[in-house]
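Supplied in structure tokens, the structure appears directly below.
The chains carry the letters A, B, C and D, assigned in the order they are written, with residues numbered from 1 in each.
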Amino acid sequence: VTDPHPPDALLALRDALREFVAERDWKQFHTPRNLAIAISVEAGELLEPFQWLETGRSPELSEAARARVADELADVLSCVVRLADELDIDLPAAARAKLEQNRAKYPPDQVRGSARKYSEYG
Amino acid sequence: VTDPHPPDALLALRDALREFVAERDWKQFHTPRNLAIAISVEAGELLEPFQWLETGRSPELSEAARARVADELADVLSCVVRLADELDIDLPAAARAKLEQNRAKYPPDQVRGSARKYSEYG
Amino acid sequence: VTDPHPPDALLALRDALREFVAERDWKQFHTPRNLAIAISVEAGELLEPFQWLETGRSPELSEAARARVADELADVLSCVVRLADELDIDLPAAARAKLEQNRAKYPPDQVRGSARKYSEYG
Amino acid sequence: VTDPHPPDALLALRDALREFVAERDWKQFHTPRNLAIAISVEAGELLEPFQWLETGRSPELSEAARARVADELADVLSCVVRLADELDIDLPAAARAKLEQNRAKYPPDQVRGSARKYSEYG
């Protein structure tokens, strides 16, 4: 009987990246600092298509820009997964912990609909 | 009978973030550009603990630095998930497509163990 | 007779930073990579006050945000001057050369008033 | 009689950039936020040649990488000068003020030769 449940996407990506890196003997270059650098480089590339927009909203993005964004998001995500793997960080647990902190830090009835509150609390 | 399979971590995070944003009426601030900016801001914060290290390797990170890195990785991941959600981008599919491209771009027997190749091909 | 001409600001900053670094014996940490990392970290901090704005225009910045921007611009500039100094790069000459390239790349009569052209050429 | 003193490099760059922007009618795109985004994008490009280095020191950079760094430093500097100009920020004064703060924050006899102190104070 095949398991009808798809594998967890983050774990599947982690494993595929491990294999990709092992096949190329690139683990030696994947120091935590180098991966953190790679995340900043990719985040900059992700930001590039937004650089001179007017509104920065979805309809303003051309199809090419949207495809570029998907591509760069994939790069950022892959580097995030690789760095977490190198440092044995449980990404979903870290994200849940952070969300819990943010729930306490930004009580809905105090910050609702306010960017000013958002910035000042941030 | 409870389902023994945990939910997919990325989907669970996407849903938790949707709820967090809706409760605060913050969707209005989550334009694609603003989220792309947030990813760069968080990537910079992630890079900060690596700024003045010698080797940039794992043992050089203090416990406090490692916890900071986990925290900032969670922030980057959350913003990546939010931006993908706003633009209807399937993150795992985008990551698989990018990995496929990179497999073709960096053939193992041509780039194995070489950072120079890595950079030039990159 | 005192020289009525103020010293060149970039050279004065370079010299003041050299002295600051020497007094603390920090030159050992100022590898080109570490300084490039510092520039990205500071650029992220500079971006932070703009993160959730509506228009991103000048009147939307509070006095506190404007002071923060001045502070972070000073940090970015100082790291740029330090990295150029470590690599013996003549910053004004590099900036003039780049401007010359951009003049050729973006002919006024073809790109005037167009962000689309701007992005595509970029 | 010609003035033997060269013009201040930052002021000369500011003026050349003003002219470049005016000739293309691009001032409309140079909102403070867009320029802050551009600085992060360029800082990411500057970081790219350092991404997979071993030591991150000067001798490890190829001639091509060093030229790329000079080019990207010029881009970062130009965007810094443009943003300061749009917000009427006196860059040399801001840099001097920041250096004064850092002199007080990092007393030489307490931080000399220590990266740990550097990071913790930072």
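In this section, a residue touches a chain if its C-beta (ideal position, glycine included) is under 8 Å from a C-beta of that chain, and two chains touch if they have at least 3 such contacts.
What you see is a predicted model; the values in this text were computed from it and never measured.
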Comparison of B-C and C-D by number of C-beta pairs in contact, larger one: C-D
Separation of subunit B from subunit C, taking each centre as the mean of its C-alpha atoms, in whole Å: 27
Computed distance of Cα centres, subunit D from subunit C, in Å: 2
Residues of subunit D whose C-beta touches two or more other chains: 29, 34, 37, 40, 42-44, 47-48, 50-53, 115, 118
Category of the chain touch graph - line, ring, star, complete, other: complete
Subunit B partner contacts - residues on subunit C that touch it in the complex: 29, 34, 37-38, 40-45, 47-48, 50-52
Parts of subunit D lying in touch with subunit B, wherever the complex brings them together: 37, 40, 44, 48-49, 51-54, 115, 118-119, 122
Subunit A-touching residues of subunit B, taken from the complex the two chains share: 5-6, 8-13, 16-17, 20, 23-26, 28-29, 31-34, 36-37, 39-40, 42-44, 46-47, 50, 53, 55-58, 61, 66, 69-71, 73-78, 80, 83-84, 86-87, 89, 91-92, 94-99, 102-103, 106, 108, 111-113, 115, 118
